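Look for chain A in each of the two complexes below; its partner is chain B in the first and chain C in the second.
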Partner chain A sequence: EKVSVEVLDHLEHLALVDFRDSEGVERLQKAIQFADQLHEVNTEGVEPMDSVVEDRCLYLREDDVTEGNCTKELLENAREKVEEYFVAPAGNIPLPKLGERETFLQGS
Partner chain B sequence: LAPWVPVVGLEIHAQISSNSKLFSGSQVQFAAPPNSLVSFFDASLPGTLPVLNRRCVEAAVMTGLALNCSINKKSLFDRKHYFYADLPTGYQITQQRVPIAVNGSLSYSLCMDNKMSQMVTKTVRIKQIQLEQDSGKSLHDDARRQTLVDLNRAGVGLMEVVMEPDMCCGEEAAAAVRELQLILQTLGSSQAVMAEGQLRVDANVSVHHPGEPYGVRTEVKNINSIRFLAKAIDYEIQRQIEELENGGTILNETRAFDSRLGCTVPMRDKEGKQDYRFMPEPNLPPLILYDAKSLPANMNHEQVINIDWIRERLPDLPSVKREKLVEQYGILPEHSFTLLNEDGLADFFENVVEQTQMKPKKVIGWILKDLLSYLKQHSLSVKESPVSSLLLADLLNLLEKKVISSTAAKQVLAELWKGEGKTPLEIVKEQKLQLLQDQKELEQICQAVIDGQENE
Partner chain C sequence: QVSAALKEGHVTPTELCQRCLALIKSTKVLNAYITIAEESALKQAEASEERYKRGQPLGVLDGIPIAVKDNFNTAGIETTCASNMLRGYISPYNATVVQKLLDQGAVLLGKTNLDEFAMGSGSTDGVFGPVRNPWSYSRQYKEKSVPKSHSEDKESNWVITGGSSGGSAAAVSSFTCFAALGSDTGGSTRNPAAHCGVVGLKPTYGLISRHGLIPLVNSMDVPGILTRCVDDAAVVLGSLAGHDPKDSTTIQDDFKPFELPDLTDVSKLSIGIPKEYHAPGLSSEILALWSKAADLFQNAGAKVVEVSLPHTRYSIVCYHVLCTAEVASNMARFDGLEYGHRSDVSESTESMYAATRREGFNDVVRGRILSGNYFLLKQNYEKYFVKAQKVRRLIVNDFMKVFRSGVDVLLTPTTLSDAAPYVEFIKEDNRTRSAQDDILTQAANMAGLPAINVPTALSERGLPVGLQFIGRSFQEQQLLTVAKWFEKQIQFPMIQLEEIKRHDHGVLQDQKSTSFS
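Moving on to the complex of A and B:
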């Protein structure tokens, strides 16, 4: 069962990934197939495990101020800044729709 | 025309009152130089990890207990993904699968027909309370078509309180939120000041005909005060009714409240329905809470949160405080409401009662009518009152001992209000307001008046 173009387009919007070419899409298909092997195991009545640290103790930190005050260092990473604010575009710039952007997916 | 049943649910975000953030050690403070309260983790620099703040967990447990919730002894953290400039990680750490508290309730009171003497108690179910991160702040510079981002708020701990759609109008929602605000302030888990963004409310509104399924709901955001909350909800209910009665349909959309125009408008369009791709937060194991029974023997107590220990130390909630005031002082329930509604007023009242011979039932009139109206007229809080509880008690003692009349007392209060440092007795002497008690003197005055009449 192949992943549809709609789903691939949806993923490109959501995660801003670019499947780039048939190899990229093929890699995704293979990853899904690999994960699907889980269905071969009978997991009835078994709680899903979503982390190998599930039985570790979650460390609780005391409520003390120990960090911050490094404005200069943080802003060194900013391409643009205005008086110690990071500068971003006016709003989210959405990925253009399928027919309007250069993408490998169009042809499929 | 068939009647309409409005349905209102609320999602409330309360900023946790703590020194540092939910998952990092940077400071929590309103109004600081931009990006000065930001750690590497808050800025989402690679290689940083979340470390849970104990105080934030305690705040959520306290709040859950105060709202009659079941506290989940095991709760989980998840990532909610979306892109926005003030969310540097591209996801918010929240509790979507198993939140820290569920299935609670909140009781609040309403005045029927605006008469304080007819109060009704209503209840709203609390679906859940979850811990989550706040985002940074975006300042939109429309002139230069850019957004300025300040991450000081990014990562501050929030409690999201979800109220089931058990309310039917703006007034009910406002009363419920007000009571929640008082509870949070009493617990100290949040200062809940709406004006400083410590309490943010989104309303879910729909209408339907009795007996029919619920209508399509809209979400109303950008509500900055309790007063506007009621207005926004009532406007949206009306808008939906009018739309449907004119044969239109309601879109499942997000609308913003425009306080200037007093209406709701569709928000900047979100490209279709949001898909947050929730996934477990891989860097945080489950949060385990204990109670007296399950307390582990050998654990470091700094790593253990005991629900029963927290429950034993909960302060009296507003509803309990009100009952105690009514019982102890013989005042009316609606009086106790007003006393708790003004910050510091209940303490002021009790201080006056302690220092005066006047009965509490009489004192309350002076507090709620005279003192409170002065405060309101001059937009002062109780803390800023130029008349202290001591001064008022002194004044009421003079009245009680019949040194002055009630009318004179009001005159003295007006003078005290000027805050010139004079005592009530000094003002009485200055303005010669003492009641005459001497029988002979009174007879002389009456005789003089009669004589004066006879001469006309």
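Moving on to the complex of A and C:
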């Protein structure tokens, strides 16, 4: 069962990363095939495990401000900024649909 | 030893630092370092020298040159994760483990090379090129390699370091530093340790802070320690372990640094040999060494038992799903806005992000992000992600059962074979290689258990082979004690670096056998 183009397109949207070429798509197919081995294991009645330290209480510190005031340092690594803002292009324009954007999937 | 030498004034921290820097330059072919922090290292060495002159060194690590894998944040020093995404990124802060080492007076020589974002088992997939195993240039390897033809490029059969902390392993193995930090998510510290003939320690998850370590898999990542002997690993562990308020996954129990006793009586020890670790593809050489090691323990009076960890072979599949899922989430932060590479595309936020990520990540990283997103899709969530989490619990239960039955430490091989030549290694893609190479190391990450690679012997090709000990959670003292005993019994040979040695005879002589503890 190959992954449909719709799903591949959906993944490109979600991840904001592209498959680039047929090798990329193949890579995903193989990854799914590999993961399918999990279904050989009987996990009836088994609880999923989130963390190996699940039996302990994680540390929560007091809600006091102990550091900060490092605007200058934090802005240093950003390429585009204005005053104390990070500048991004318009956010209300969605990624072009399959037929309109430059993606390998177009040909599929 | 070197620490004692510093204390007694036989050598000064600046001399030591300069020699290491010179050695790094002459071993450039190894490509172990991405960034060399020459100026700051010398300043740190000078400060250390002042302290020694006043008779007030900060501790055993004062003045000791170290290297740090390039996925740890280091203030004022470029941190790239061997990726175009972070080229030019100058960390504004030190990772907690880096800070701890600096607070002890250690001298940070530079950042070491790795697979891009620590994804890989060869240290071959970073944007700065592959790391070469120093043993490629050892007399031991050259003696055993048969030249195919006179005109063959001598350089072409160099072997990989393993990964993903290959740069750190190569740095320690080639004497350019006395200890290095790596990271271990699926075996990334132990694998290169085995291939480079050094000690590689993966501590228990929750013992050492991950604050400042650029995350791959939050539930499995740990900082790893690479040194030339087990005692050194214990010293470094002592300075790094303990609760960090900045990393809430570090446990709050008090940690007391320990010195390793010289164990003489192993009769109360129970060593488990998990039969599933006799994995397909395990070289007969390593199988024999593993067997010999088990006999060694038995003959010395320890109880050696075969045990079973039935879900071992699913560990790698489980890892594959959980890792890609967490990676998909962790890599989402790289969008070009706050740091790192930013594309020139600016039609919209989404298109800028997409272009930035297309330009910044290599195939391996992108592949894992896409796979991870697939497994996390609503229609796949139960089938893959939750399923993997359930299998994870089964794997952990396997270990708990074995330890409850009285076994103290498990003994297994670390890798399936000795280091492959680069030209062979790259014939298969990253995912296939990782799946093959992580098989023996991954389960310890799944269960969060401490594990250590101890260099054991040289293979028929003259390359290092190591064995792995896996211990109970937070029982590093026991684990390292056993490892140290084993290390003493087997007397792993020292690397005899050839061509490189010619240029720096003097430097090497002094550093050859030195550990710092």
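In the analysis below, the second predicted complex is superposed on the first by the 98 of 108 C-alpha atoms of A that agree within 3 Å, B and C clash if a C-alpha of one lies under 4 Å from a C-alpha of the other, contacts with A are read in each partner's own complex, and residues count from 1 in each chain.
One rule holds for everything that comes next: a contact is a pair of C-beta atoms (placed from the backbone, for glycine too) under 8 Å apart; a residue touches a chain by one contact, two chains touch by 3 or more.
Because the structure is a prediction, the values reported are computed rather than measured.
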Contact breadth on chain A, by residue count: chain C or chain B: C
Which of chain B and chain C A:Asp55 touches, first, second, both or neither: first
First (chain B), second (chain C), both or neither touched by A:Leu16: both
Chain B versus chain C as contact partner of A:Ala88, first or second or both or neither: both
Touched partner set for A:Val65, first chain B, second chain C, both or neither: first
First, second, both or neither for A:Val41, with chain B first and chain C second: second
Chain B and chain C footprints on chain A, overlapping residues: 10, 14-16, 50-51, 53, 56, 58-61, 70, 74, 77, 86, 88-92, 94
Residues of chain B touching chain A in the complex: 18-20, 24-27, 33-41, 43, 45, 51-57, 81, 83-85, 138-142, 145-151, 268, 271, 275, 277, 280, 282, 284-288, 302-303, 305
Chain C residues within the chain A interface of the complex: 89-90, 92, 205-206, 219, 243, 245, 248-252, 311, 314, 317-318, 320-321, 324, 328, 335-340, 342, 346-354, 357-358, 361, 363, 366-367, 369-371, 373-375, 377, 383-384, 386-394, 396, 429, 431, 435, 447-448, 473
Touch list for chain A against partner chain B, complex: 10, 13-16, 50-51, 53-71, 74-75, 77, 82-92, 94
Residues of chain A defined as touching chain C within the complex: 3, 7, 10-12, 14-20, 23-24, 27-28, 30-32, 34-35, 37-41, 43, 46-53, 56, 58-61, 70, 73-74, 76-80, 86, 88-96, 101
